[in-house]
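Next come two complexes, and both contain subunit A; in the first it sits with subunit B, in the second with subunit C.
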Partner chain A sequence: MQDLIVEGSGSNPAIRADWEAGCVEMKGDSYPENAFELYQPVIDWIESFLARESRPLRLQLQLLYLNTSSIRAMMDMLDLLQGAHDGGHAVGVEWRYERENERVAELAEEFREDYTFPFDILAHD
Partner chain B sequence: MKQHEQLEDRIEALLADAAYAGHPLREALTTLFESYREQTRLIERVSRIADRYQDAERDRGLSYAARYQRQLRQIEKIVRISDRYQNMLRDMNERLHWLSSRDELTGLHNRRHALLRLREELQRLGRHGGQFCLVLADVDHFKSINDSYGHDVGDRALAAIAQGLSEEVREYDVCARWGGEEFLLLFPHSGIEEVQSILGRLRHQVAILSGQFLPAGAAALTLSFGLTLCRDAAEPLNAMLQRVDLALYQAKGQGRDCVVIG
Partner chain C sequence: MEQVDVLSLRAAFIQQGIMLCFNGPFSAMLIEEIGQALRKHMQGLQESQSAVTDVFSVYIELTQNIRHYTALRALEGADAHATLIVSRSDDGRYVVSAGNVVLPADGDALVERIAALARLDKAGLKAEYKNQLRQPRDPSAKTGAGLGLIDLARRAHEPLQCSLTAREGGLAFFSLRVVI
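After this line comes the complex of A and B, so read on.
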């Protein structure tokens, strides 16, 4: 499976899915015109990785603003991770935020609710 | 033991009894009893299958309900998170609006906001008539404060003057940092005499405040003012600003620390 790279712009985050490293990174704001078009390849990539590999999968997020359809897509991805975790697959999320932007951490906590896999919310300067 | 089971046992015993061997009723009863048994088996089988269908339907119903509940929870979570993002944007928007209309150092309104309010005041003059006063104030010898005591003291002086100005003007007046050490004041519905009296209080207040942060022995801070009355809504804004600027220039020329009406 190939790596997946989406250049970031004002309205969509930079996305990088690295098969070898078992890592998906998303960074920036997310209010694309068509969230399905943007995130479906990412969801497909995660599904493929979880189906074909037994190695751990990490999701590294540094997201600031998400519109409603991006929130939906994000929850679909996190649900996939939860399913994998329930099946014994090692998965984890690291959500990084700038220390002074405490509200981003609060939103990440809202996302984390209901999930039982490792989900770290980390401040950086 | 149930009644029909007792009957079955009795019939089985009768059929097994050698005393009735060869009796024509025994043969007929044997056939009838076998047929009865077969029918009972069939009914039980049909009932079992029907029960399994019912169980499957019930399970399916439960899984629909569970899926519905799960989706409902997901939607509620999306809505909750989305609301929080919207609140975050609204607060950021308010903050940006505040920043775009304020001067960072003094907290006063900035030049952009002052121009906006001036245009609004001119439009109001066009609609309802009346008058307003425009004042341009400049700190006297401000460069020497910076040169003598450093820019930190200069900045604090500007902030203190701004505080003094904004405390003395009325709620509906506009007090803005026009640039450098210049301040623009707009007094809606006001005439020259009224504004001169406000400026008198302002000058007094600034003198008191300057004594609080300037080193001992330093001369008190003063301001020079250009003041003009605006009554003509058709007058270009630039002409109005040039007039008040010229009055300020004349105040400087007349030895500073005074008000010149232009």
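After this line comes the complex of A and C, so read on.
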């Protein structure tokens, strides 16, 4: 399976899914008008990784602002991780944010409370 | 057409604390550009990151909602235009107001929905948000499944206020005011 790379822009985060490393990175703001157009390939990539590999999958996020349709798409990705976790697959999320940007921490926290896999929210200065 | 009276428009803007306003056809590109300008302006005013995010997010949800709606109802020309105003109230709060043309039945449904949201407290709004997030998604729907209004209500400092005005020709004008 190929790596997936999406260049970031004002309203799209930079996305990099690395098959070899078992890692999906997303960084930046996310408020495209049609979030599913942007995220469907990422959702598909995660789905095939979890289906074909037994290696761990990590999501490394440095997302800032998400519009509601991006939030909905993110939930679909995290639901896939939860399903894998329930089946014994090692998965985890690491969400990094700037300490003073407390809205990001609140957003990440609202996601985390719905899941039981390892989900770290890490502040940096 | 009456001549544009810049001076009296300017006086009205100042008197009503209007920082930014737009009236016309919104494109995705324009939404992004104006949003970035709004963010930079607020950062220049040394506002907290949270305040900047809240105002920006309300601006994005309002304008994207209008874009999705006008596309859904195939409104065209001036009926697809949006009015967007960012202002500051006398007590220093940011206020984002937006308006657009709607079908009267859609307007009535919105007014009802906003009244229902106004009855919820913070915990109630959060529960409603999580509930809406879990609703099955229509694969052809582009929007955040009705999450937008709840998100606006959650970021607002006071209940959302809206108005619906009937217009000639069977359409109506809906406007929403979000105090942050």
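Everything below uses one rule, namely that the second predicted complex is superposed on the first by the 125 of 125 C-alpha atoms of A that agree within 3 Å, B and C clash if a C-alpha of one lies under 4 Å from a C-alpha of the other, contacts with A are read in each partner's own complex, and residues count from 1 in each chain.
As a convention for this text, contacts are C-beta pairs under 8 Å (C-beta built on N, C-alpha and C of every residue); 3 or more make two chains touch, one makes a residue touch a chain.
Remember, it's a predicted structure, so these values are computed and weren't measured experimentally.
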If you stack the two complexes on chain A, which partner ends up touching A:I71: first (subunit B), second (subunit C), both, or neither?
both
Quick check for you: in the superposed arrangement, does A:G87 touch first (subunit B), second (subunit C), both or neither?
neither
For A:R103, is the partner it touches subunit B (first), subunit C (second), both, or none of the two (neither)?
both
Does the superposition put A:N34 against subunit B (first), subunit C (second), both, or neither?
second
When both partners are placed on the shared chain, which of subunit B and subunit C touches more of subunit A:
C
Once the complexes are superposed, what residues of subunit A are shared between the subunit B interface and the subunit C interface?
65, 67-68, 71-72, 75, 103, 110, 114
Subunit B contacts subunit A in the complex at 73-74, 77-78, 80-82, 84-85, 88-89
Within their complex, subunit A touches subunit B through residues 65-68, 71-72, 75, 79, 103, 106-107, 110-111, 113-114
Subunit A partner, complex, touching residues on subunit C are 28, 32, 35-36, 48-50, 53-54, 56-57, 60-61, 64, 67-68, 126, 130, 133, 137, 142-145, 147-148, 151
Within their complex, state which residues of subunit A touch subunit C.
10-11, 31, 33-36, 64-65, 67-72, 75-76, 98, 100-104, 110, 114
